[in-house]
Amino acid sequence: MSEILKARNLTKIYSLGGLFSRTKITAVDRISFSIQPAEIFTLAGESGCGKTTTARMILGFEYPTAGELLYEDQNLVELRDKKAWFKKVQAVFQNPFETFNPLRKVEDYFFETIQNFHLDKNERETEELIEEKLQAVGLSLCDIAGKYPGELSGGQLQRASIARSLLTNPSLLIADEPVSMVDASLRMSVVNLFRKMCDSFQVSVIYITHDLATAYYISDRIAIMFRGHIVETGPVDQVLENPKHPYTKLLIESIPQPDPQIPEKAAIQFLEEKEEYLRKGCKFSGRCPEVMEICKQQVPEDTSLDGTVVKCHLYQK
Amino acid sequence: MKGIVEVEKLQTFYVLEYMGKKKTVKAVNDVTLSIPENEIYGIAGESGCGKTTLLKALFASIEPPLQLFEGKVSYLIKGNFINALTLNGKEKRELRWTYISYIPQGSMSVFNPVKKLKVTYLDFLESHVRGKAGRELLSLARHHLEQLGLSPHILDAFPHQLSGGMRQRIAIALSTLLKPQVILADEPTTALDVVAQRAVLQLMRDIQKELKNTFVLVTHDMGIHANITTSMAIMYAGKIVEVGPTQEIFSNPLQPYTQFLINSLPRIGDKSSKKSVPGAPPSLLNPPSGCPFHPRCPEVSDLCQDKMPALNNSTHKHKVACWLRREPSV
Amino acid sequence: MRFFRDYLIPRIIQYIVVIFCGITAVFFIPRLTGQDPVLEMIAQIQSQGSSLDPTAVDSLMGTLKELYGLEGTLFQQYVTTWKRVFALDFGPSFFQFPTPVSELLKTYLPWTIGLFATSTLISWILGNILGGIAGYFSRKNWSKIIDALIMIVRPVPHYIFGIIVLILFGYVWQLFPVGGMMLGRRTVLNWRFIMTILRYSFLPALTLVILGGAVWFQQMKLLVQNVKREDYVQYAQTGGVKERFIIYRYVLRNAMLPQITQLALALGQVFSGVLIVEMVFSYPGIGLLLYRGVTRGDYNLVMGITVLSILTITTAVLILDLFYPLFDPRIRHK
Amino acid sequence: MGVLKDLFKDYRFAVGFILICFLSFLAIASFFSPYDPIEWLQVPRDKAPSWSNLLGTNSKGQDVFWEATFAIRNSLIIALIAGLISRVIAVMVGFIAGYKGGIYDRVLMGITDGLLVIPLFLILVLVAMLLREALTLVSTGLLLAFFGWAWDARTIRSQVLSLREREFTLTSVLSGNGTLSLVSKEYLPLTIPLIFSTLINNIAWAIGMEIVLAILGLVSLDIPTLGTTLQWAINYQAILLGHWWWILTPVILTILLLVALYWFSISVSEYLDPRMRIQRIGAK
Amino acid sequence: QLPAGINRGETLVVDQLTGRVGMPNNFNLWAGWRNQDRGIQQLLLDPLWTVDYATGEIISGMAAGLPVYNDDFTQMTINLREGCTWSDGAPVTADDVIFTIDIHINTQGLLYHGPMAQYVDKVSKSDDLTVVVDLKIPNSRFHTHFLDRWGCLRIMPKHIFENVEDQLTFEYNPPVGNGPYVLFDYDPAGFWTLWERREDWDKTPTGKLFGEPQPKYVLFQWFESEEGKILSQLRHEIDMAQHTPEGLRAVLDKSDAARGWRRDWPWVVNIDPCITGIMFNNMVPPYDNKEVRWALTLSIDIVEYMAIAFDLMAPVSNLHLPPVPAYLEAFFIPMQDWLKDFELDLGNGETFKPYDPDVPNRIVEAAKERGYPIPDDPAKIQELFGIGWWKYAPDVAEKLLKKNGFTKGEDGKWLLPDGSPWKINLLSDPSPTHHQLKNANAAAEQWRKFGIDASAGPTEAFNTLVLNGEFDVSTQWPAAEPWGAGVDLSRTFDPWHSRLLTPIGEPVALGPGGAARWCNPVLDEIIEKLEKTDPFAAVEETVELGIEALKILVEEMPTIPTYGYCGAVAWDETYWVNWPGAENPYSQPYHHWPNLKYMLPLLKKK
C-alpha cells in the first residue's frame, strides 16, 4: 500500500540562549516514519520530546532544518500553496477551550472553512455538509449554533474541533494531545471518535500523546519519541505489550494502573530536558537502568526486531 | 470513627455580581465528608464540579466571591475538633503550613517568577518559624529537600529554569516543609506527562509514609486514585455522590456515574471498547433538579428528577447517594 | 558568538539607524521653518538702534554666516553637522554667540538634572509606593478616595497647576520664592547654597512630583492589581506568608519591572527638560534653553541638545534591553 | 441595548458616560451659538456670570459659555482625529509587525523606536512652528496623530505576538483564513479593549498636548479650543484679576473631560476584557 | 530673596525687559547684540549724549555739551566732561573716543563698523577733552550714532581694549565702565545681574549731573512668566517692572504699595516715543496701491481697535509719530487744519474728508461704558487719548476698493480684482503679550468685519520674513521712532529713502519703517534737505521739513500708525519713592532705557 506521508530524516534545530551563551537544541533529530492510509499512528513520549515540533512541521507551520516530508511524493517543504495543503492535512489541538477564539461563535469556523476552501455549492448544501460532519462526531448544528466556545463543554468543543477538521475531507488528521484537557468522563467519547473517523472517512490520524493507554486503545502503529529521536516504532500491540527499548518500558511502567493492587515502583531519577537534549550518545543514557559504556559515547543505530524498529545499543549487533 | 478533618453540610457558593446582575454558582452544595487520618484520600470528579472549591473550604480559605452559606469544617487538633471556618485570620495563619498545607491547582506558576526558589522557601519559613536566623532556615530547607530525594541545588534556580514536573515536586516539598498533618493537593499531576506524574506520585507516597499524615488528593484521573489513594470520594456537580475505600469503589462502583468513570478507563492489553459518560457536565449556575446526574443517567427514574438522594446512612464505609441503591450491596 | 550576530549586531544597527534618522530630521526641520538666524540677528541689531546701509547689511550677513558656520550649500552644512556630531562639538550658539553650545549645556544641564532627575525619582518612588499600597488594598475605602483624588489631579495641565501652586505658596502664604534663583557665580557648596537651591526648587519640584507621581500612581496601581491576581501571590497569601513579604517581595517586586523601563525612558527625557514648569517658575533649565533655541532658529543649539537627547535615550534603551534580563530572569534574548 | 444596561450598572461608566454626553451636548450646542467664536467685543467685557451670560464674559468681549461650547467641540475634534488616525496607524503597524514578524517586524519596530527615541515634544514644537498658519483643527489633529502612535503600536504588537501563540490562530489558519481575515476576525476582537483603552489615553494625551501647544502659542489662537481658551485667560491675568469664571471654565471642562474619558475607558475595557466576558457568559 | 549680604533697603530691583540674558558672562556690547538692558546701558556705561523724551531734551553725559558741526557738516567737535574716570580709576579722555572710533573703522564685525567706516575720514584730538571728527561725506546727523535712545556707539575704555587681540570674542568681564555702577555679581544662567554703586560715583557724568545715585545696589531680574513677575511685585520684591496692561491692572489692584505712571486710570506710561500700527509691504499688490491702503485704513473703527489692542488705554495717532507732548506741540497741533481739510478722491468727482478729531471723545465714551473713571477736561483727554484719528467709513472704503476693481462675493467677502478671495495674514511677533500681536488681532478683527478674510499670523520667523519682504501686511513698527528729543524727525524718514530700497528677498537695511519697502521722490528730496539742516540751530526749518514729509505719509499711507506705544510699568513704593510720574515727569520712567542712571539720584528711600 502506498504511504500518504513519508518523513525522511526530518530534523529541526532550535537555538536558545541567554545573554552571552547560546545553545542549539535538536528538537527533532533525523526521524523517519511513514503513514499509511486510514491508520492511526501514535507519536508518544514524555513532555518536550519533540512531538509537537514534528506535528508543526507536518502542518507546515514550521520549516524543517533538514530532511524531507513527502506527501504523495510531493515535497511539503517546497510547497508554497498552504491552502491546498490544508485541504489534505488538518489538525485538532490539545486545549479545546483554546481551539476557538473565545469571542467568536464556534459555527463561524465551519462556514469559514467551507467558504475558504470553496467546498460549498449553495447555502443548503453548506449546512448539510456541516450537519453531516457534526452528526459524525455526535453533535448537530443546533448544538453549537450561535454559541461561543465558553458556552460549550470541553468534550463538545473537542468534537466540534474534529468535525471542523473533517470538513475538507482531509486524508491526514494530526491530533496533538487531543484528550489531555478533556474531562475524564468525556475523554473516551473523543478517543473513540478518532477510531470511528479513521474507519468511516478513511482518514489517517497522527495521534500525539503521552498516555500510552489510549494509544494502545486506538492506534495501529506507534512511535516512541525521546528527546528528538524515535527510539522504538512498530505495531502498537507489539511495542506496548512487549516493549524493547528501556524508555518504552519506563513509559509503560509509569502509567498509573487503574488497579489499586499494583506494587510500588522504585523511585526514578529525573533529569532536566535541556541536559538530556545536549547529551552525547544515547539521550536516555542518563536514566537508563541498563546503561552501558557505549551508550554514553554513541548514538545507537536503528535495529529491526520482530517487526519493530528499536534504537538501542542493547539490540545492536 | 471520626477522621482528622470533618466536613458537615458545607455549602459554599460563588456569589458573583457583575454590572449589577447577581449570580450564584453552587460550587459546593451540601457536602458532608470525613477525611481519615494517616492515608491518602482521593477526591475525584470532572472539571468544574467543585473540587477546588471544596479544597479551599477545607483550607478555610473562603474569600469573596466565594461565600460560606452553611456548614462546618472541623480540624482535629490535639484531640479536639475546631471549626476552622470560624477562626480569625491570625489563628488561621498559625495553622497553615504547620497543621494544614495546600498545593494549589496549577502549581507550575505558584513561585515568584523573579526570585530564586530559595527566597520563596525562606518566605514561608520566616513567616511560620519563629526565632531562627535566615541561614538556619535555609539549611533546614536544604535538609528537607535532601530527605525527599531532591537536589538542594534546586533552591538556587529560578522557577522558569525548571520543568513542570520538577516545579510540581518542589511545590509538594514546600508544602511539607513544616510537616503538617494534612496536605491538600489539588490536581498535582494534571498537565504533567506520565513520567513526571509518576515521579510526583512517588514523592507523595514517600512523604505520606514518612510523616504518617493525611493527603487529600484531588484529581479527575481515576488511574491515579486507583494507584495511590486508600479511600476516596466521587464528586459531581458540587455534591459528593459516592465515598468509600478505593478498592471497593473500583471493584464495585455503585453510582452510575462512578461506574462510567471506571469502566471508561483504557488499559494496555485490553482492547475492549470503552464508553464515556453520555451528555455534558451540568452548569453549577442552575444545576439540574433532584439528582444532578439524572440528565445523563441511563437508569434515571422519576424520583431522581425531583429529589436529591442523601448519602445513604450505611454503617459501611462505602456510601452512595443514589435512589437506585439505597443499600449498598455487599 | 551567535549572540552577537543574531542579536547584538542587528540591535546596534537599529540603534545607529535611529540616531541617523533623528539627527537628519533635526538638521532639516529647523531649516524649514523659514527663520534665518542671520536675519534674526540683524533684526536684533537694528532694534538696538544701529542703522545699517545695504552694503553694511551685506557684509554683516557675510560675517555672521561665516561665524555661524552657515556658509555653503545645505549639503555641505549637513556634512559639517555630522563632523560636529562625531566630535561632540556643536559649535557656537547663534544667539549666545560666541558661547559654545557645550558651554551652555554645562551651565544649564546641572539645573535640569537637579530638578528633573530628582523630581522624577521622587515622583517615581512616591507614586510607586502609594500606587502599590493603594493597588494592594484596592478594596479599602481610603484607597478608593486616594484614587479618585489622583484621578482628578492628574489631568490638570502643568501650567495651571504650576500657577496655582505659585499663587498659593508664593503669594497667599509667602513660603517660597516666586522668581529666579539668587545664586551668583561665586557659589560655594555650603548650607546656605543648598537651602537656597531647595527653596527655589521646591515649588517646581512639587508640581512635577505631584503631577508626575499621579501618573506613576495610576500605572502602579493597575500593575499591582494585576499582579495580585497572579497565582504566586495568591499562593503566598493562602500559605500564610507575612503580608509584608508579600507586598515587597512578590507584588511590588514584580509590578516594579515594567516601571523600571518606564523610569529609564522618563529619565532619558531629561534633555527635553520640563519646559512648562521651567517657564512658570523661571527655572534655569534646559527646556527653556532649547525652546528659545527652537523659536529663534539657533540651529547649533537645537542640534546640540537634541543630539545629546537622542544619544542618551537610544543608549539608555539599548542598555536597558541588554540588561533587562538581570531584572527579570525570565527574559532571554531570542 | 442590553450591553448599555449592563454597563450602566457600573457607576464609573455611568458617570463617565453622563459626563461625556454632557460635554458632547455642549459641543453640539455650539452650533446654536448666538455668537461668532472668533469675533471680539460682542458682549460687555469682564462681566461675572449672570442670566444673560451664563458663565460671564471675558476680556475679549465674548460670552464664556458659548466660547466654551466651541472650545469643547474643537478640542474634541482635534483629539478624535488624533486618536482615531493614530489608532489606525498603531493598529496596522502593531498587527503587521506582530503577525508577520521577521523583516516586517524589524523595519516597523525600527521606525517605531525611532519615533519613541527622538525628543518628540521638540519636533512637535518645530513642526507646529513650521505649520502654524496651516494648523487648522484637522491638521493639528493629524500632527498629533502622527506623533502619537508609536508606543501603542508597540503595545498592540506585543499583544498580537501573544495571540499568535494561541491555538485558535492555528485553527483559523487551518480553516483557510488568510492573514487579513485572520487578523481582522481573530485578533481584532481580542485587541479591541486594548485599542479602546489606548484610544482613550491617546485622546487624553492629545487634549493635553493641544493645551501645551496653545500655552506656548503654537496654534492659531483664534480658534477656540480648551488650550487656547486657557491661554487667553492666563494671558489676560484672569486669575489675578479675579475673573474666575473665565479661567475655571476651561480648567474644569478639561478635568471633567479627562476624568470622564478615564473612567469610561476603564469601565468599558473591563467590560470588553475577554476574561471578564467569559466569566459573565457562563460561570461554567 | 537677595544674594547674601545685600540689604533690600539699599537695593533697587527692576525687571529685565528683553528676556533672559543669553550670554551672562559677556559684557562686550560693541561686538554684537547683547542684552544691553541687563544694566549695561543703564548703569555701566554713560554715553556721550542721551535722549530724554519725558522732557524732550538731550542730556549730555560724557560730553560736556551738544556736538558742534562746521558749516558744511564735514567736521564734528565733541567736548568731553571734565574729571570723569573709568571704574578702575583710569581717567576718561579724548583718547578713549579716538580709540573707539578708530577701532570701529578698522574692525569688521563690530556693530558700528559700517557707519564709522562710511563717514569718518579722520579722528583726532585738539586737547585731552576735545575730539575732532573729520567726515568723508557731509552729515549733519553724525552725532546721532553717539546719541543714546536705546543703543548707540558708546565709548570704550581704551586701556582695556587696546590690549585685546580679538575685539569680537572678548568677554569684557568684569566690565569697566564710566557709569555710576559696577558689576557685583550675576547669574550664570542669565536670570539676574547685580550692580553696585561706585565708590567714586562722583567721578561719573551721572554723579556730576544729578548727584549721588540712591540705591547702593541695583538688581536686574528676569521672570520667565508674567505671573511670577506680578507675584514678585505683589510681594514687594521688585520695585519696578513692566507688565502687560492686564498685569499692570492686577498689580495695582492687589498691591497696597504699587503705582503707575499715572495715579489713575489708564496708569500706563503714555509718553513713550514709539508708534505702533500696521505695515504694508508696498511692493506687493494690492498693497502697492495707496487707495487700497486708504480703504483698509477707513475700514478700521479705531475705538474698537483700541479696545481690543490696548483696552483703550493708549493715545491714538494718525501721524507717523508718537503723540508725546513734544511732538503734539510741534507737529500734531500745527497740522490740525491741514488734516481737517485733507481730502481723498473717491472717483467720479466724489471726495471724502477722512480726519476725525472726535475720536478721543468717542474713546472716552467707550471707556466710561467700561466703567473707567474719565476726566472731562479736554486737555486731559488729549493727553490721554491723542487728538484724532481717521473716520470709521466702511462705505467710503468700499467705494475706494470698487474703484480699483475689487468686488464683493456672494458671501459678502471681498474678492481681489482678479476675482480670487482676499486674504490677509497679519504677520506678527508670536508672543501674546507683544503689542504686535495685539495690533494684529485688532486689525484682523476690524477687517474681518469689513468682509476680508483676515487673521493674525504670529510666527517665530517674523523677523526674517519682514526683513526679506516676504509678507503682505505686518504689525511691525509702522515708522521708525524719531529721536524722542528735539524736533528732528530724520530718524523716522531716513529708512524710506529710495537709496535703501531693496528687492524682495533681500533684507532691508532699516527694519522699522523701512520694511514697508516704500519710497517717494518728494520724500527723498525732503530727507536730503534735512541732512543739510542743523537740527540744533535750524529748528524751524527742521519742523517745516518734518511737516512736509508727514503730509506725504498721510497722503500715501504706506503704513498705518494707530496708537502711541505705552509701557505698563508699575512701581512699588515700599522701599523707594519719588518715582517719576505723570504729575512729576522729571525723567523718562523706564528701567530698561539708558536713562535709568539719571533717575536713580532722584529716588528717595522710604
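By written order: A, B, C, D and E. Residues from 1 in each chain.
Here is the rule we go by: contacts are C-beta pairs under 8 Å (C-beta built on N, C-alpha and C of every residue); 3 or more make two chains touch, one makes a residue touch a chain.
The chain list, named the UniProt way, goes like this: A = Oligopeptide transport ATP-binding protein OppF; B = Oligopeptide transport ATP-binding protein OppD; C = Oligopeptide transport system permease protein OppB; D = Dipeptide transport system permease protein DppC.
Since the structure is predicted, the reported quantities are computational estimates derived from the model, not experimental observations.
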If you tally C-beta contacts per chain pair, the winner is C-E
Farthest CA centroid from chain B: chain E
Per the C-alpha centroid definition, the whole-Å distance linking chain A and chain E comes out as 90
Cα centre of chain A to Cα centre of chain D, whole Å, reads 49
Cα centroid separation, chain D vs chain E, in Å, comes to 46
Contacts with two or more other chains occur in chain A at residues 153
By the touch definition above, chain D meets two or more other chains at residues 129, 234, 239-240, 282, 284
Flagged in chain E as touching 2+ other chains are 227, 430, 459-461
Residue set of chain D touching chain A in the complex reads 166-168, 170-177, 181, 185-186, 189-190, 274, 277-278, 281-282, 284
The answer for chain D against chain C in the complex is residues 106, 110, 113-114, 116-119, 121-123, 125-127, 129-130, 204, 208, 211-212, 215-216, 230, 234, 239-240, 251, 254-255, 257-259, 262-263
In the complex, the residues of chain A that touch chain B are 46-48, 152-156, 180, 183-192, 210-214, 216-217, 240-241, 250-262, 264-265, 267-268, 270, 272-273
Given the complex, residues on chain C that touch chain E span 33-36, 39-57, 59-61, 63, 67, 93, 95-99, 107-108, 111, 163, 166-167, 170-171, 174, 177-186, 192, 278-284, 288, 292, 294-297
Chain B residues touching chain A in their complex are 44, 46-47, 149, 162-166, 169, 191-199, 201-202, 205-206, 220-224, 226-228, 246-247, 250, 257, 260-262, 264-269, 271, 273-277, 280-281
